[in-house]
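Heads up, the next two complexes both have chain A, just with different partners, chain B and then chain C.
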Partner chain A sequence: MRYLESLNLALDQIMSDNQNAVIIGEDIKDPYGGAFKVTKGLSSKYGHRVISSPISESSIVGLGIGLSLNGFKPIVEIMFGDFITLCADQIINGASKFPWMYGSNFDLPMIIRTPMGGRRGYGPTHSQTLESLFFNIPNIKIISPSIFHDPGQILKDTFYKMKELNLFIENKISYPNEIILKEQVDDYNISIINNNTEFVTLSLVFDRQTRPDIVLLTYGGMSNICFEVARDLFIEEEIIIEIIIPSLVKPVPFSDFHESIISCGKLVIVEEGISICGWGSMITSNLNDELFDSLKAKPVIVGSKEFPIASSRKLEDKILPQKSDIKKAILKIL
Partner chain B sequence: MKKNKNYILTPQLDANDDKALVIDINCKNYSSINEGDIIATIESTKATFEIPSDYSGFIYFLCDIDDEVKVGDKIALVSDDLKVLNQIIDDLNNESDVEKNDKSPKLTKKAEAAIKKYKIDINKINKKGIIKEKDILDLIKPNDDSYQEILTLKGNKQLGKDLMIASKSEIPHSYVEIEFNVTKLLQVISLLQKESANFVSLLGIITYATANALKTNKFFNSYRYNNDIFIYKDINIGIVISNDNDLSLPIVRNSDFLLPDQIVKELFRIRKELLKNKSKIKDYTDGTFTISALDHTAIKSFVPIIHPKQSAVLALPSITEKLSLINEEVKIEKVINLGISFDHSFINATMANNFLSDIIIAIEEFI
Partner chain C sequence: MKLLDTLYYKILLIRKFEELLFSLFEKGKLSGTTHTYIGQEATGVSLIENLGPNDIVISNHRCHGHYLSKTGDVVGLLSEILGKKNGVCKGRGGSQHLYSKGFYSNGVQGNMFPVSAGIALAEKWKNSSNLTVIFIGDGTLGEGIIYETLNMISLYKIPILIVVENNQYAQSTPIKDNFAGKIIDRLAGFSIRVEENETTDAEFLYHRYKKLIKSIKLLNEPRIDIIHNERLGPHSKGDDERSSEILNKIKEKDPITVLKKKIDLITQEKIEKEISILLSKALDKVNKMENSFNLY
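Right after this comes the complex of A and B.
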């Protein structure tokens, strides 16, 4: 099953089972079914609960907040993650704070789904990875499943357990990919390393009997790229890499990967966003506090360069993190 | 239907794009479609497009989801005759048969190199998945049943092995030795041991004399890297002391500033700290010349291996007895075959002879 299909089926089931579920977004109704077709077929089935909105991201999110406060469970689609900046006030000063501001605690269950990421030549305002804008905003969860997760299942789990605002980040390049729900792919063993939570963290490693030479920590759309790097370096150099892929980006599930880092001592963090003040910085800061003595080398963060993302594919490749950048980082600290 | 064989091509989607991504395929291979049916969805920059079929008939896709197709590329083949369609597909499949039938195992680069090095028949490898270097080495490992036990070099022994192999491959070794009569020297040592509070040994005097000889034979207190010879400032002599199980290499730093009894004292101190597990790194590093001491054994002559980042090593074998005719009288003399291994790329036998002679002169001057 493809990533896109998994999300579409999950939304279908959510809408079928929950009369208070509504989907709001631009061009999401049939026959178009959304820019990336995630909502295709849903308006035909669920009619007025799939709301095609005007082009006004702030009001879409505002509508979602209002519906949530009135007992609905809204799922908002922002067509491109880059437009999340237009919703920043509704998210930061509204959704994240309302449950705390009025004297009594109440829930604000809501999901904002949006595609992020580049590698499609969409240019500076349609290719960014902007979830880091919300890393230091309390009361917001950020979730980003990879193709090694079941994105539909994670979306359903998020929906059924949500009490606050959830940003659900879908990397564009993952949509057409088949999701990998096997225990083994290309001789790599895939296992869940946190059984007690809905937000699955996965570990991919070639040989569980051998201690990995390095841990590669990543999420979302960079996961398949990291997998290719791990496979290449194993074939070329017999370097054993454990790839750890959380589906929960914020709050970072530190305890899920602490054990691997203690055992290996060497870590490369890979993210598609600009690495300054990003996900990797959050993690290295935690490692300084918690695991400094276990580190055998300074962790390296690989991310995008500090440039607007170019439309030219060749320039885009120079800006976004590539396989070669990750390989270089790994070889640097081995 | 115009012909029996029709291709559906990637259309020009807009002015800016010459390629698109296949994001959905709407019908199965060999299914029957009508003209106008949507067969696939492709995505260009920021927009998706549905591809209708211009033909009716049976369809076979020539691309897959997630493939990038260029404008004009064939997306699918449509024919109203299933036999014709099958024939075309067979022809296409035959072209890629060689690739499909390649069932050779997947190998890492190191495994590939090991196969080549040990001339292993790849068909004998009976392992699923990616084959590592270790899998190949396991194949050539001797049958374990033939051996009482198999031991693995670890720690210092592994390091020693690596250093020796590196030395033999990097440094062209040469060796000379001269016979040195130590009869008088042993008498002096015996006397000093009785009369002096300071303990003096043969090894202490040889080390002292070697340090003095190194002052005037600077190439022996150096090492070569490529075409450059690095001459050390200090004279730090390492003494290889071996027993049945182990080997140690204490370094007597600035040996040229010490007298024989002080050298012996220094060696005792290092040994004492070793026994108490209180060894200091500085007592085992930065050697500039080495003496391999086997004077406590029955070995009469041996060729030691030069330590990496050095140019020579002195061999000190056991003392032997020799009959000599002195003033028409047969006497038993005690001799030692003082030998030296040296880097022959820049030190020749004459230089080695001079160095050994200088050691003997330094000893004679001392006594």
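Right after this comes the complex of A and C.
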């Protein structure tokens, strides 16, 4: 099953099982079914609960907040993740603050789904990875499944667990990819390594008995690229890599990969966003004493360079993190 | 209480409450900022007097008057503004960020506008007869989100009463320096029925809103109501650059002055005394509140 289908089926099930579920987004009605077709077929089935809105990103997020405050469970689609900038006030000065700032315990269940990421030549305003803008905003959860997760299941988990605003980040190059629902892929074992955390964190490792040389921590659309790197380096250099892929991006589920870091001591973090003040920085600056003391080398963060993302695919590749960048980082820390 | 007495009581309560805030500021007992409703009270009081307990009011930075009209909760609001943990929002929201059942306010211009549309749409989907009312000011009309949202309110026939309180100033800038065209012309472009009145007469407004609310509930459609008046107090505090000549002119239209002409002196005095006692008791109670916070 493809990443896209998995999400579409999950939305269908959510809508059919929950009369208070609402989907709002631009151009999401059939026959078009959304810019990336994630909502295809839903408006035909669920009528007024699927709102195809004007091009008003800020307002549709606000509309969702109001519906949530008044008993509904909205899922708002922002067509391109880059447009999340237009919703910043509603997210930061609205949804994320309401229950706490009003001194109340009410829930504000809501999902904003949006595709982030480049590698399709969409250029500077349609290719970014901007979830890091919300890393230091309290009371927002950021969730992003990879192709190794069951993205539809993660979306359903998000819907059923949500008590506050959730940003659900879909990497747009993952949409056509087949998802990996097996426990093994190319001799790599995939296992869930959650430790009292809510959203699935996966570990991909060649052989559970052998201690890895490196822990590679990544999420979303970088996960398959990291997997290719791990495979290559095993064949070329016999380097053993454990890839850890949380689906929960923020707050960082440290306890899930605590054991792996402690037993390995070498950490490379890979993200598609600009590496300065990004996910890697958030993780490395928040390692607890035990984790910090276990490190045998300074962790390396691989991410985008500090440029807007170019439209030319060739130039874009020079800006976004590539397999070669990840390999270089791993060889440096070994 | 007779209608006029009630209106007078509620308007005077807001006025005296906000004058108390100014005096607390002067004594250094109040921190942060506050935006008073002084001179505009007739609108909120006479509209909200027509609402039931399940109707919903959404306000803005200038929210004390709307809050007191909706809840009557003097101690909750005063303790909130004075930063007490027993405040209605546990000291977290303060003057601009208030919540009580059926009441919301927020400090960013236009921020609550689409939120109120969502709240009202939910009421429509629930087939409820509860009305959602949102108050915005003329200054808020500078925010683009207003026009995004008006478009959706009209498209989806969201039953909501939008009250535009034109107090002639966006912060300290007079409307002629920051607003092109006429408010009514600008708002008339969304196929939502819009009316305007220039008044501070609470009795007139009360009867007008009675009719308007009945009509909205019957037709289940959005309406815009523009009230032109003039802010008598400063934008927040200590930021009033207007001449005494201009202020004296505005004072003639003070809703309290207007209402006093319709109520006998004995009743006026009785209400004034009642409010004075109420506020001093409330302040005593709030001052005595223990005030230690736990973050977690």
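Just so it is clear, the second predicted complex is superposed on the first by the 327 of 334 C-alpha atoms of A that agree within 3 Å, B and C clash if a C-alpha of one lies under 4 Å from a C-alpha of the other, contacts with A are read in each partner's own complex, and residues count from 1 in each chain.
Everything that follows uses one rule, which is that a residue touches a chain if its C-beta (ideal position, glycine included) is under 8 Å from a C-beta of that chain, and two chains touch if they have at least 3 such contacts.
These figures come from a predicted structure and were not determined experimentally.
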Exercise. Classify the contacts of A:54 with the two partner chains as first (chain B alone), second (chain C alone), both, or neither.
Key: second
Quiz item: After lining up the shared chain so the two structures overlap, which partner does A:100 touch, if you call chain B first and chain C second: first, second, both or neither?
Solution: second
Quiz item: Counting only touches as set out at the top, which of chain B and chain C does A:263 meet: first, second, both, neither?
Solution: neither
Quiz item: So, does A:89 touch the first partner chain B, the second partner chain C, both, or neither?
Solution: second
Self-check item: More chain A residues in contact [chain B versus chain C]
Solution: C
Quiz item: Should A:187 be classified as contacting the first partner (chain B), the second (chain C), both, or neither?
Solution: first
Quiz item: Residues of chain A touching chain C in their complex?
Solution: 48, 51, 53-54, 56, 58-72, 74, 89-90, 93-94, 97-98, 100-104
Quiz prompt | Interface residues, chain B side, partner chain A - complex | solution = 21-24, 41, 43, 45-48, 65-66, 106-110, 129-130, 132-133
Quiz item: Where on chain A is chain B touching in the complex?
Solution: 2, 4, 35-37, 120-123, 126, 175-177, 186-187, 206, 234-238
Self-check item: Residues of chain C that touch chain A when the two form their complex
Solution: 87-93, 97-99, 104, 106-108, 111-123, 125-126, 144-145, 148-149, 151-152, 155-156
